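Note that the chains take the letters A, B, C and D in the order they are written out, and that residue 1 is the start of every chain.
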Amino acid sequence: MSKPTKKILNDPRKAVSEMIDGLVLANDGAVVKLPDHDAIVKKEIPDGKVALLIGGGSGHEPMFHGFVGKNLGDGAACGQIFAAPSPDTIYEAAKAVDRGNGILFLYGNYAGDNMNFDIAAEMLEDDGIDVRTVRVRDDVAAAPPDRMDDRRGIAGDVLMIKIAGGAAAELDSLDEVERVTRKAGDNVRTMGVAVSAGSIPETGKLTFELADDEIEIGMGAHGEAGIARQKLQPADEITDQLIEKILSDLPFGKGDEVALLINNLGATTMMEMLVVNRRLRQVFDEHGITVHRTLVGTWLTVQEMAGFSVTLMKLDDELKHYLDMPASSVGFSNM
Amino acid sequence: MVKKIDRDATVAMLRSVANDVIANVDRLTDADLATGDGDHGIGMRRGFEAALESLGSKPPETIEDAFKQVGMAIMSKTGGAAGAVFGTVFRSGAKAFAGEDAITAESFAAFLEEAQAAVARRGGVEEGQKTMLDAVAPAARAAKACGGNDVSAVIAAASEAADKGVDATKEMLATTGKARSLGERSIGHPDPGAISISIILGAMKNAAEAS
Amino acid sequence: MSKPTKKILNDPRKAVSEMIDGLVLANDGAVVKLPDHDAIVKKEIPDGKVALLIGGGSGHEPMFHGFVGKNLGDGAACGQIFAAPSPDTIYEAAKAVDRGNGILFLYGNYAGDNMNFDIAAEMLEDDGIDVRTVRVRDDVAAAPPDRMDDRRGIAGDVLMIKIAGGAAAELDSLDEVERVTRKAGDNVRTMGVAVSAGSIPETGKLTFELADDEIEIGMGAHGEAGIARQKLQPADEITDQLIEKILSDLPFGKGDEVALLINNLGATTMMEMLVVNRRLRQVFDEHGITVHRTLVGTWLTVQEMAGFSVTLMKLDDELKHYLDMPASSVGFSNM
Amino acid sequence: MVKKIDRDATVAMLRSVANDVIANVDRLTDADLATGDGDHGIGMRRGFEAALESLGSKPPETIEDAFKQVGMAIMSKTGGAAGAVFGTVFRSGAKAFAGEDAITAESFAAFLEEAQAAVARRGGVEEGQKTMLDAVAPAARAAKACGGNDVSAVIAAASEAADKGVDATKEMLATTGKARSLGERSIGHPDPGAISISIILGAMKNAAEAS
């Protein structure tokens, strides 16, 4: 097994807790950490606000905990690296963001997250708190369309949090926030490609192996297997392979207006992603698809994995409205 | 032949379970690297280190408490799928010992049955999906089938069945958890969570025989 | 020489031009590319505005061309990878952003950039256009304080562009924009550390070699040598080494309010940078320095180089004002 | 002995200069990897490919034009420090041939003097700073010192001096450009730009001898 990338850390077993301390400080006073839990909560949450709680395993920074902020998540429950947070952490985070008008849980569709968030939701319901759950299931590589529940949540998280955050800031009812968020989820599709693996600091082991001339199409956000392992090809060919699968899945077609997100899985250069963007637009032009808004950057990472994913969300006026609301957090550059 | 495992022996047994899991972190890491995301070993270590800490700082008053404490520690420190399902094994399974001052052949079998049902419910899984349930379920059946009142024999039967369950997972196609994505490529690899179950029952067997 | 990271590109010799096409598209209509030059210009620049032209070699994406946008640069002249743009590209970009009230050139202090921008400035002066130049020279590792002109411009660029962009949007005179930008430059200091090298796609060669357990302190943004090559150490020790040199250089001290920027050189995880942020704050607390604003992200990269830099800028009310102005561009997440 | 290099021979000479630089891209890359950022080879290739293209698409009317076109192409396509200084060598140096219909021993020496002065001005450098000036300046002096009216002898003298200049840069401490950061570590490595000058003059020498 080849050597993982060198990392600048202290004790790897303390990496998550030190990372969270650093993240809270990077928010310049806008969030706090819960005393006994790896959870981050916004300082100012108005009474009566529908609360948005996001979360998942760590190691994907800035996802999830970097998206607590203005018109984004009200709080985030953080697990260890690639491990869903525990029910008690989720429960405490939920209690801390609750303002009496219900809570939306928004997270990626993984067995571990589902079970832990569900246990917390049961505990909260015992307390009489209304909890709804939307699971991001955007990875078209994970399962065919007739098995949506088997799909993983990957970079679609970014657009989902953006829209849910806007909806939760503006709308008065949990029903409505849930409805908008589900609509976003029904219209989002992602597929990625990995060119090299990431490693968990505590094990020091790469989560998979790729030969020097190999890539994996459809790779998951923890190094889960994709749909094809193949030779490295020119950017345009790889792009075509990803986008064809995405377009035919929803399907997207003539006249659709979309949000496009190209997400760096870690070590890929922005130059590569911009070259991919160029090709994507040629394909969209051929299909009569117009792009309302483009995001190219680093949002959901898999440690030092190199590769990227392409996310498309079909928009209507309502989704556009929430997507376009100003937002700021550590993960959104805070500018 | 061992008829009962009293509270102190139970605590000792749970400690040796924890130590064995912790000693096998690399094996579990490698198994999860083959089929999942490579964190099962360190997750189980976090959980069982917390279990040891809990048993040390707050000596359990009953057997049920001992299992509950271990379950709570795992549930709150392991994280991931394993945190939920292994936490459930101990927390829900603990009910089988309610009001008892020792583990018996009967209550141990009931513990595994309870655990099996609770895991299936929590995980939304059936046997054959290549999860730890494929070690828990045969273990529960073997324990029941063993019968009698030699608790160490019951645990030994369960442990042996769990080992076979691990082997059987090699041939299964994963349809849940992170291994699901592998599809056909998951075949040939055992399920990491099933290996953990076999380590846990193996440690229990050794502890029971020694008591 | 070890293998460079695999990259997803088409013809490497066309990488810059395809990247620029992709970048223009990623701006969703807010910028245009000049027809015959690798230069990007904002579509809407008000008459009479003091123009801000930034630029430099490509390969550092999103720097520079990702920072053309609202309250940021009005245009950017792009070179090939790690190579300053040519005088004619700079000249044409300057003509395109000129609105009759003068132009500020803002770029990193490198022999190549200096010469090419100077030639263009001479051409523009022949045309009767008032051009001022501010060179970013923030790298404390490059030369001692008495040889500021020998210092390179690295991630301090980000804060400089942010402030110059704000000033150029609000202030009516080139003199004033120049004054504010120079003040920002006088108060900014950066130092970085590299843990692995980047490569230029067209050569396919890593720009330097580091052993598996080595890091280079003070590494430049093109792989130029730093001040020490040493063994990999815990994050806190590396952080201390960087920040001590930065603090003593300006110097920064008790009562100072600063902007802090932690910049990913490419392949470093945000987790690492947040762990570093945690340690930085401990040091600041010891020194009585307060942080007005923190930025942790990927702004000035060196292809797939792993490593990061720490930038500190001492702020007064005026600098704070321009730093805090809203801004958006591809490089600032555009959210 | 060659007294004059006429316009067509000049264009042929400049073409062979371009081809030689392009053929040496890897050598220049490796030299710049040792002391700078590794782009000198590809930068010079871009510039001289553009020069070939310019000479081909717009055949120069005069010798001055030929040098100017090459200088403009380099200046606009090379980028970086090399684009500015090598562009300057040809563009400013071209003045030495104003009004002449052939390169002579005298005008070639004047070309190098002109180039030396313009590069020193543009780059803000002196000799001894480990740049291409440390090849240009001794070449200019050698050309002047050679005197006479054998242009090929003058070019040969310049070429030889440039080669020695490259060697001399090995011992110099870089104080400008990207190599500056290396400090003491720059010693032992020749300057990439100086190597390019020696390739350029070497190609001119061969072309002059052949004409």
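Definition applied: a residue touches a chain if its C-beta (ideal position, glycine included) is under 8 Å from a C-beta of that chain, and two chains touch if they have at least 3 such contacts.
Treat the numbers as computed from the prediction; the structure is a model and nothing was measured.
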Taking the mean of the CA coordinates per chain, how far is subunit A from subunit C in Å?
28
Please work out the Cα centroid separation of subunit A and subunit B, and write it as a whole number of Å.
32
Can you compute the centre-to-centre distance for subunit A and subunit D, using the mean CA position of each chain? Integer Å is fine.
54
Can you list the residues of subunit B that touch 2 or more other chains?
none
Would you please write down the residue numbers of subunit C that are in contact with two or more other chains?
none
Category of the chain touch graph - line, ring, star, complete, other:
line
Chains grouped in pairs wherever the two touch, ordered by label:
A-B, A-C, C-D
Contact footprint of subunit A on subunit B as seen in their complex
29, 33, 36-39, 41-43, 46, 75-85, 122-123, 175-183, 185
Residues of subunit A defined as touching subunit B within the complex:
57, 79-89, 110-112, 115-116, 118-119, 141-142, 150, 152, 200, 202-203, 205, 207-208, 220, 222-226
Which positions of subunit C touch subunit A when the two form their complex?
3, 5-11, 15-16, 18-23, 25-28, 58-59, 61-62, 66, 162, 193, 195-196, 212-213, 215, 232, 234-236, 238, 264, 266-278, 281, 291-298, 301, 303-304, 306, 308, 326-328, 330, 332-335
